[in-house]
Amino acid sequence: MRNGDGRARILVINPNATVAVTEAIDEALDPLRFADGPMLDCVTLPEGPPGIECQRHVDDVSAPLCALIAREGNKAAAFVVACFGDPGLQAAREVTAKPVIGIAEAAYASALQQGERFGVIAILENSVRRQRRYVRQLGLDARYADSLAVGLGVTALEGEAVTHRLIETGRRLIEDHGADVLIMGCTGMARHRLALRQALGVPVVDPSQAGAAQAIAAVSIG
Amino acid sequence: MRNGDGRARILVINPNATVAVTEAIDEALDPLRFADGPMLDCVTLPEGPPGIECQRHVDDVSAPLCALIAREGNKAAAFVVACFGDPGLQAAREVTAKPVIGIAEAAYASALQQGERFGVIAILENSVRRQRRYVRQLGLDARYADSLAVGLGVTALEGEAVTHRLIETGRRLIEDHGADVLIMGCTGMARHRLALRQALGVPVVDPSQAGAAQAIAAVSIG
Amino acid sequence: MRNGDGRARILVINPNATVAVTEAIDEALDPLRFADGPMLDCVTLPEGPPGIECQRHVDDVSAPLCALIAREGNKAAAFVVACFGDPGLQAAREVTAKPVIGIAEAAYASALQQGERFGVIAILENSVRRQRRYVRQLGLDARYADSLAVGLGVTALEGEAVTHRLIETGRRLIEDHGADVLIMGCTGMARHRLALRQALGVPVVDPSQAGAAQAIAAVSIG
Amino acid sequence: MRNGDGRARILVINPNATVAVTEAIDEALDPLRFADGPMLDCVTLPEGPPGIECQRHVDDVSAPLCALIAREGNKAAAFVVACFGDPGLQAAREVTAKPVIGIAEAAYASALQQGERFGVIAILENSVRRQRRYVRQLGLDARYADSLAVGLGVTALEGEAVTHRLIETGRRLIEDHGADVLIMGCTGMARHRLALRQALGVPVVDPSQAGAAQAIAAVSIG
Amino acid sequence: MRNGDGRARILVINPNATVAVTEAIDEALDPLRFADGPMLDCVTLPEGPPGIECQRHVDDVSAPLCALIAREGNKAAAFVVACFGDPGLQAAREVTAKPVIGIAEAAYASALQQGERFGVIAILENSVRRQRRYVRQLGLDARYADSLAVGLGVTALEGEAVTHRLIETGRRLIEDHGADVLIMGCTGMARHRLALRQALGVPVVDPSQAGAAQAIAAVSIG
Amino acid sequence: MRNGDGRARILVINPNATVAVTEAIDEALDPLRFADGPMLDCVTLPEGPPGIECQRHVDDVSAPLCALIAREGNKAAAFVVACFGDPGLQAAREVTAKPVIGIAEAAYASALQQGERFGVIAILENSVRRQRRYVRQLGLDARYADSLAVGLGVTALEGEAVTHRLIETGRRLIEDHGADVLIMGCTGMARHRLALRQALGVPVVDPSQAGAAQAIAAVSIG
């Protein structure tokens, strides 16, 4: 649970198998790495699909994710499920008594503190439906503007054209749906956060960062 | 999709591997079998656990369930996922364009029409938490009394002593939580329905029956 | 309660006095008639107005409806109040211990299982207000897109021009209000269901069918 | 609309036929009679039942109530439907463009300003169910403790023994359900208000008074 | 508490220091002044800002407001906090056992009785955020269309050009947000009420009037 | 904003004037101090009351709190308002563009991730009312068990007898109200957290820790 120099280890698991996404997450977490704070170890779930883009993916990833958590149980102080669908989250919490953080849950919790109504930039149309269901499940509808999809899959989120599309979608959430804080609804969007914030002038939550911060708190406070 | 005599076939899938439960479901559906109505074929998912008693079970059953539905796609007009956790329901709806009915969803919808506040007799404590989450997800909290657990697993639900325990739990839902309609929170309770209704004097919903009725409607109306 | 050949009888009551509407309902219920299933008897309430188009109509129809149900109590196993305003529903449930189904209640319950957000195609502006009140009363606002009126009374719902208007209204519910399942908010719209579904690509609920299906379930399950 | 001395007239209609109840209402309104303010005329609806104690009564009273309002339309500036079931309220609003006040609506609105959670002292068990439905319809569940019945009909609410029973029920609403303001759920309870308030130490709303006050405001402000 | 001729005195406190606003409130309350009814004394809080236009103003005004109420405690029967932000309302209720009315609370309660969905014409963008928070705090979101800002401060609300702007904003609340009753979200709008109502054809609530009416009821009923 | 060694400074403000409480907060934050992470500077607001125990205190503390934040604006990267009433939170957010964290908001957000239903151990009866209002304001009622008071003021929270009382109150929240995560509703309870968690077996949230963790995240992520 703690490595040689006594630091706790947080295992951040990207449950899709796309290593480029894991790298983007890893990079996004840099500001949360402290010399004597918990280590943030980002790993890719090899059994995952390239992107978690439908409910099938969400369900199927639960088993290998839980297996990984069970295997690593003695070597980590907390786990972060780093996919905005929070796949396997409740199952994982049955597998280990250690904190398991879902980054969507963490992102919503963080957004509640940064504005009155959060809007979510989703990847695909069917993500929108899953997000509406999940926001209801969390009991947070009263604070939810809505989700809008950019129409791009997890592995198609790089590049400047994408930035523009994300900004455009964010603007509609603000102007048409009254959002005053935005959540990026996919880990693959991590590198666009600052551009979004600058263009739109509202807080923009990267769910991986929100999840890692919550894990650091859980591990440190104990 | 229709057999020799032109009747549509509804595949009712018990996603736990306990054949005795499938038999209890099958028996409970008899009143819904009409000479020229849809056939109700009850099958056991062999890959399922003995009982679906935690979130792990819910998640893990999704893959073999979807595989079964994909395989049977041409031979059935609708599918019923016959477990009160509605495991794999949303994933299954991605696999086929035919109606897929979740018996929990169907039971809640039926209960809404039979009383002001529904209460759920759950098997285990952790089922209670899943049910609270699911009721919120469905947006039905305003009509929900609560769930109370009898503390028995899926395979321990036979016998007269169990009847008494179910009645006692139902009574608390009515007297302490204001329920005026009850839902049996597990397919394994099917044989206790009439005893419960007689003892408690309120409508008692068997989710398998509610689900099959909804499937018959879906298939017949088209 | 059961006729000569032992089949249970369900009395489907059109509480408006327009026989053409009763005929449309009757026709819509054909797919739910099974050789050995409950009989579906559609009758017109002669004391009803031509169409139930305001709260006055809703209230006033309650007395003759309850009288009819009282008179027919021994000759029916269940009753369906076949008007989307669910007039007299709660009063009728005091008059008889047998199941009384409201088709609006049944339609909402059915729609909950066919999509995330239901929208209602209403006839008149003031129906919209009654529907908003009723959806709140049922505690279902979290799943309600909204109601939109076509601006036509109950007796003006025939013909191809009407089909186009219904489709146009349905499209706005989908595109502007996020509905992914539609409910036809008047029994007089029954004959347009398939055209709507085909044009819009989402499930379309005919409340009479939903109500009759629920009645069949209630009578059969017992 | 205004009598000889130019004062507006508010017609307070007791829709049950029990004159003693009308007298109790009339007496309760005395503090709201101002020399140059609107007149408060209390009348009994002769067609009403002795007490409005079930949904049948609620529905049936709508027609004669609306007829009375139509007849008196030119002779009153506003109408108060003085029964806690708000029978015929929405229908009456279609009959006249003048303000029609429902005393239940008015009582809830007033209670919202006098505490965090309102509880209702109901007459009969089935009133409780109607009140729960109505509170949901009004969208006020977040502020509703609950309703508890004393088990006495409208015409059995006189006498000291009744006072004790009302106090006992009020106390349970406060202690077990967290109410900090109470509503008397029947016009027949009017004479117990001060005793209740003194015994329980929380505000107690008489719905007739709340309704009349709202009518005075509506008529005066215009 | 009662002056020479025995009439109770209600102290209506304008917590902003703009005397012109106090005068507009005073004038708006004229229809609620009865010869033998409670006196309505309008005063300006000299310590208040010119207009209460941000949360700082709301918070800061609480202390002098409570001090004023404490000082006047023996000379008034009730207090009205006449600013749509309800500043200091809960604090004031701790200072005195007499009724303290918040005009926003009163306006919402009144609007609930005049339509299905209330919309609020706000002064500034940041008022909109405060109003959304407050409507949630009151538990009234189910009946809330939304707030829209005219973009004018408290002291810039006079004149015909303003009337047009208020009407335009009201129209958008009706047409785009489904409002069927409007609330003027600032005491400084009092003189525009009739023009708004006439132009828009829906009830328009002046919060000062709603608050004073509630205070008269509280004082008279006792 | 950053001190000599480049670390960002977070100003944690105890808005009550009791230095012992500031010390307890300071001690509770130790696990969140990282060598190269943001500094956590705890200060006492000298103008505050000994404990913030009523709405007056909440309102009155806003002005000196905002003044402090304005003064320190250049010397801190974020501010934590370390009182469970979140006094002055919204006002402070108008004073500075830097993150201002309310520890109640942060505690609720954190609790949402640690259980299904949070319960709050409150100090006094009137805190319970404020908390119910605030939970509604935040839109989180669907996840709220309730608040229960221990009946002790802010400065009376030391000692073993208090521990027992807190445990007893926590147990009632769990057993009677279904809470599965608890929040300590006052900064003065900080030293009891571990004892509570150990005795009750559920997560226990110290709001100061939750607030500081959120501030660290805000400052680090930027």
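So that you can tell them apart, the chains are marked A, B, C, D, E and F in the order they are listed, and the count of residues begins at 1 in each.
Just so it is clear, a contact is a pair of C-beta atoms (placed from the backbone, for glycine too) under 8 Å apart; a residue touches a chain by one contact, two chains touch by 3 or more.
Model, not experiment: these values are computed from the prediction.
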item: Duplicate of the D-E contact set - from E-F, A-F or A-C, the pair where over half of the pairs recur; value: A-F
item: Whole-Å gap separating chain B and chain D, where each centre is the average of the chain's CA atoms; value: 44
item: Centre-to-centre distance between chain B and chain A (centres being mean Cα positions), rounded to whole Å; value: 33
item: Set of chain C residues in contact with two or more other chains; value: 133, 136, 138-139, 141-142
item: Touching pairs - complete list by chain label; value: A-B, A-C, A-E, A-F, B-C, B-D, B-F, C-D, C-E, D-E, D-F, E-F
item: Residues of chain B that touch chain F when the two form their complex; value: 129, 132-133, 136, 141, 146
item: Touching residues on chain D, where the partner in the complex is chain C; value: 54-56, 58-60, 62-63, 66, 88, 90-91, 93-95, 126, 130, 133-134, 136-139, 141
item: In the complex with chain A, residue positions of chain F that touch it; value: 31-32, 34-37, 101-102, 105-106, 108-110, 112-113, 138-143, 206, 209-210, 213-214, 216-217, 220-222
item: Touching residues (chain side chain C, partner chain A) in the complex; value: 116-117, 142, 178, 180
